[in-house]
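Here the structure is laid out as structure tokens; the discussion comes afterwards.
Going by the order they are written in, the chains are A, B, C, D, E and F; count residues from 1 in each one.
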Amino acid sequence: MSATSDRLQTIVSNVKKASILKALERGVRLDNRKPDEYRPLSITLGYAKKADGSALVKLGDTMVLAGTKLEMDEPFPDTPNQGNLMVNVELLPLAYETFEPGPPDENAIELARVVDRSLRDSKAVDLSKLVIIPGKKVWSLWVDVYVLDFAGNVMDASTIAAVAAIYNTKLPKVEVNGEEVKVLTERTDVTPLAYPVVTLTAAKIGNFVVIDPNLEEESIADAKLSISYTPDMRIVGIQKSLGGAIKLEEIPQIEEVTRKAASRLFSELKNTFGIA
Amino acid sequence: MLAAQQRPRLIDERGLRTDGRRPDELRPIRIELGVLKNADGSAIFEMGNTKVIAAVYGPKEMHPRHMALPDRTVLRVRYHMTPFSTDERKNPAPSRREIELSKVIREALESAILTELFPRATIDVFMEVLQADAGTRLVSLMAASMALADAGIPMRDLIAGVAVGKADEVLVLDLNEAEDMWGGADMPIAMMPSLNKVVLFQLNGTMTPEELRQALELAKKGIAEIYQLEKKAIKEKFVEVS
Amino acid sequence: MSATSDRLQTIVSNVKKASILKALERGVRLDNRKPDEYRPLSITLGYAKKADGSALVKLGDTMVLAGTKLEMDEPFPDTPNQGNLMVNVELLPLAYETFEPGPPDENAIELARVVDRSLRDSKAVDLSKLVIIPGKKVWSLWVDVYVLDFAGNVMDASTIAAVAAIYNTKLPKVEVNGEEVKVLTERTDVTPLAYPVVTLTAAKIGNFVVIDPNLEEESIADAKLSISYTPDMRIVGIQKSLGGAIKLEEIPQIEEVTRKAASRLFSELKNTFGIA
Amino acid sequence: MLAAQQRPRLIDERGLRTDGRRPDELRPIRIELGVLKNADGSAIFEMGNTKVIAAVYGPKEMHPRHMALPDRTVLRVRYHMTPFSTDERKNPAPSRREIELSKVIREALESAILTELFPRATIDVFMEVLQADAGTRLVSLMAASMALADAGIPMRDLIAGVAVGKADEVLVLDLNEAEDMWGGADMPIAMMPSLNKVVLFQLNGTMTPEELRQALELAKKGIAEIYQLEKKAIKEKFVEVS
Amino acid sequence: MSATSDRLQTIVSNVKKASILKALERGVRLDNRKPDEYRPLSITLGYAKKADGSALVKLGDTMVLAGTKLEMDEPFPDTPNQGNLMVNVELLPLAYETFEPGPPDENAIELARVVDRSLRDSKAVDLSKLVIIPGKKVWSLWVDVYVLDFAGNVMDASTIAAVAAIYNTKLPKVEVNGEEVKVLTERTDVTPLAYPVVTLTAAKIGNFVVIDPNLEEESIADAKLSISYTPDMRIVGIQKSLGGAIKLEEIPQIEEVTRKAASRLFSELKNTFGIA
Amino acid sequence: MLAAQQRPRLIDERGLRTDGRRPDELRPIRIELGVLKNADGSAIFEMGNTKVIAAVYGPKEMHPRHMALPDRTVLRVRYHMTPFSTDERKNPAPSRREIELSKVIREALESAILTELFPRATIDVFMEVLQADAGTRLVSLMAASMALADAGIPMRDLIAGVAVGKADEVLVLDLNEAEDMWGGADMPIAMMPSLNKVVLFQLNGTMTPEELRQALELAKKGIAEIYQLEKKAIKEKFVEVS
């Protein structure tokens, strides 16, 4: 059951809300960004040494660590030539004062499912590369996204972290004898990532739209729109969230803004890890 | 129990879909209000072979009290599928998909209900999918909207929604199950039509930005049709269009 | 752990209780029924189109939907010539104001187990018809009973709904090649139901006994006795419930009343779906 | 760990049962009160090879308070089987069977305890089946009844119960495990004997209406015997009859 | 998550605490024991007849019942010549007023894990005796420790009960034909217990150390140290518990006290069930 | 994903360990404070290839209130491993091992924090193991100790801890993963060094009483070294020694 809650405990007062709106009227944000400006992004590949691939992502004060694990499995009967992909997101109690330990809540599940769909529908993860013996043995690729500091726009940071961790994953060498598979300690150069995807989140605050909202902005936003893109600017996922509405005509406008931001983000990622 | 299936052709040589509809044609719709005795409001909403029953209880006092909110109503919303609503039996425990859709539907309802009128109270909205054949989240949301109207709960507008998808690269209105399974995209969207406001919006699959714009236009047309039926159903407690 | 609770929140006041008893002294009930009179019953077979069999049952204001699903399985080692039967009851939060979502509570579990025992002990479900390859492949028959409107005597309505949904279930055609089984889309005419069973519930209120209690009557009843019958009037299950006692001598008297009512009910069911 | 078994003959040529009893004969009974230090009342009740320990805590303040009832005591009752009480190891998590029987036993105890004397309070009754060999629900209920008496909680009467079943179509008193597994019926019934009132009553399997009437008479006889032993046990804190 | 709690609801008042300390200054305890004196111990082997092995242990007012069950299983791939051992402890709601039903809490889990490690690390359970067909079929030995009366030092009582129940377990006879295993009803004389282990718990109360603390003593103790021994006085497990500290130099001193007590306990066990 | 392994030799002919250390030598240590924005205090503690992040929230009001204690702070402590911190993926649901270690770490922290200063309040301490390579409970406890210091919560002393084990029958300080898996003992111990008080102490595996005494001496030496680094880290917010 989903229930209205105030889990961020209304961190922003009405006074603050007024000042955010007032600044937006002047075309600026309280953290001095322009409405379509992303916060500083840093990606550390291979941060978690025991993971098969990992990435620590900082987006402003938001911090997300993604790690992958490969497990040998059988393929599903209807997809003998594909490995499996599983995405999990945890909003750790470390990350925010009111977060409690326990199984993923609806917010974590929504994040995981949006990341999962963006990766899957875009074919950004090449599941055929995870096949060891067609129809018999494949790799299951677990992607665990751990939110360490919850400071706004965890959605976009989660997609970046998942993509970077998968990029950082190098499949192990195996020796196949009939149906026996021996996993070697060496790694191949093969990453299961075909190309990156990004998710760009816009928040609607009153009559204004901002990209990459911080926590204060999110907590007063009417609605958010998260749109995922491939490098060739196909849309590979959309999710509206929060309990407010958006005018129908605004959707194409917002999509144009997020698309431009996605384009800039891809350029930045190109410099960072040599793809896209 | 499910027999094996192969990918069918989704648009035939005449440009018609697997169920004989034109690309911009809705499935048959049936709406019935006040179907339950105990609930404060209830409705059954059918769209093609998808059928959902919704019940509303409230506004009522919130328990436990510390979960109440000082400035608005707490909505408690459950989207749930009966085990026999799908091809393979569904485990009745809530799946991750059901948890996500309960949230998405709750947020859509929060856009529409005047929650500020009942601070410290709660309104419960429960939906059971009785037959799942594409579009269950939207049919559930519309069943909930009808049940809320049946309960007399003040809303900004009724909610009408429809999915647009791609069948063999053709944009089609109101996906059926074959199009949902084999098509290239599924864009469910729900609105408060008279306010021109979108309350639920998702995209699974892929679209170009241009396709997205066309899909929005197509959806708008379908939503307008459904909205008329909903208004009629409110007045007459029942409507059926096939 | 089972705990005393007042989950119906004492819907009937003491004043109402007095008027119920006063009416019973005159041999009538507040809804104008006689003590041994059943409420109007309607059964819609095939109501849920994706189920393998289904039935919507209305008993007065009580509404219950049962659906079946067949799943291919292996038989238990000690019963190679029997399929499996699983009965589940859910008291949906739609059905009553104070019902909460969650796994079945003790009330739902008791309902499911009484229905299950009535079906099983009576041999009303012919489990041998669910065998595909003896010892290797059988159908598991899932019967899910979903209570939509909780308005008294859900017990009897659940048994009727389960029986009708099983009757409505037609086994699929299969092609067997060795141990390979291919399920076809066509259906046979074979239903796994051998004959119906019914459960008849009597409530003891003060010194009076009524059949098919409505919700008001149940909430002030001292005890209930639910007795299941086959068409040839064998007793195939009894369950006393509620926290009051019944005199030993009253049991045979109540059984006579429920038996007569069962007989009338079987006549009614005969007209409805051509068995018994 | 369980070796394979086949259906045995339940009544031999002399008319005796697999354990040598006549059809109307009870198994040996052993009752001991006050077996635990911490509990307010406790008892071990053995009937043949079935053995149950019960403990009672209360009446005490109800936590959380909103679960308290204004006009009577809340009973909290758990029937539970130890993992080593059965032929195959039982998972310690409560099974659906244990949940049902906890409810059935609670309702039986509610008939007997003067719950109106302690409004807003709770009484906890916990039963652990140490050996399960037919009749565990009744032996548990009787162990609870003894533990309540040991705790000095006011009751209308003690509770005595016994199962009647069918072994090779003969009605038999106080089923053993073979009769429970292979027999045609199992009718557990428990009473407050001096009030002639039935507090627990179930039937699994099948009986004709006439068999039911005979079974009730047979049960009444067995219950009267057990009741005498229970009263003796209350007085002497211990009784053993084999 | 582990949270500070007062689940025993501070059964000992400050006045009582003062009198316990005052007595200890005089070298005695409120129950008239000397600081290093164990409470009376009784062990009833075979108490639970349906278990494959069982023991009822009373240590003063503390009462613990352990039972074992053997289940046929496959061995873990990396230990083809070993059966499996599983230890579970339940703090039953019967055992103490504030204990609630439910899955084992952190206290029960800690007890189970300490018993498990003592049995495993000491090699007191000869897992090779549980093998039926190497690499194919082994016995899994389930040890369930059920605490019936919680009256102090449940730790030591649990180890004794587990050891005694395992000693009481006699493996069944089996007939092996190829990979088919038939279990017979007769038992062999083979017990999986190679030798006993004991756990000795010392409590630190102020500046004093007592062995085998009762519940009053435990509830005011600063810390407890539980040390497990084999008959040849190897240490096979240590666990400090409770939220107070112990001086480093005190550890060897306490270990000497527990070791002497362990020695006395082994002598007592020798008389009881003929091993050690 | 884990490739097959065989038991290695743990001490070579030169008396050195698999990672080249002498028996009494610590692994490289890296401590960083204040790594998180939202937490009131935080730290990353690395010891060899083991890496843990800890966060502290509080003291703050206890919810629900009936869990508060009148005379001291309630500590709520979670030790948790990320699924990718181990050789095989770890299920994120808390294991029995994690539940035990959360308790052991909480009790260690209770020895150190002046909980009597904040009655009725709560302090939350959360630890996530990012890389597990032996010693995770101690590194977690030390990360928590650093995070508590970063949050300015009054403590009797910092906590420093190290494991002593046996590798090929040689006592070794600060086990690595091979020694943990293949060695004969693992004795984790943590102290408030300036008070000479032990707050966490366990032994898995076997030792003679004499070995235990030697192990304690060896641990004391290692703890003293670590303590110096911790004090430096508090002052400079960062320290790294390899």
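The rule we apply is simple: contacts are C-beta pairs under 8 Å (C-beta built on N, C-alpha and C of every residue); 3 or more make two chains touch, one makes a residue touch a chain.
All values reported here derive from a predicted model rather than from experimental measurement.
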item: Most distant chain from subunit B, judged by the mean position of its C-alpha atoms; value: E
item: Longest centre-to-centre distance from subunit C, chain (CA-based); value: F
item: Inter-chain centre distance, subunit B versus subunit F - centres from mean C-alpha coordinates, in Å; value: 51
item: Where subunit D and subunit E are represented by their mean Cα positions, the distance between them in whole Å; value: 31
item: Whole-Å separation of chain centres (CA-atom averages), subunit E against subunit F; value: 27
item: Multi-chain contact residues (two or more partners), subunit C; value: 1, 101
item: Subunit B residues counted as touching two or more neighbouring chains; value: 78
item: Subunit D-facing residues of subunit C, complex; value: 1-6, 106-107, 109-110, 112-113, 117, 121-122, 225, 230, 233-249, 251-252, 255-256, 259
item: Touching residues on subunit F, where the partner in the complex is subunit E; value: 67, 69, 72-78, 96-97, 99-100, 102-107, 110-111, 115, 187, 191-192, 195-209, 212-213, 216, 220
item: Interfacial residue positions of subunit B with respect to subunit C in the complex; value: 1-4, 36-39, 42, 49, 51, 53-55, 57, 60, 78, 80, 82-89, 92-94, 124, 126, 128, 130-133
item: Residues on subunit C engaged by subunit B in the complex (per definition of touch); value: 47-52, 54, 61, 63, 65, 67-72, 88, 90, 92-97, 101, 103, 139, 142, 144, 146, 148-151, 172, 182-185
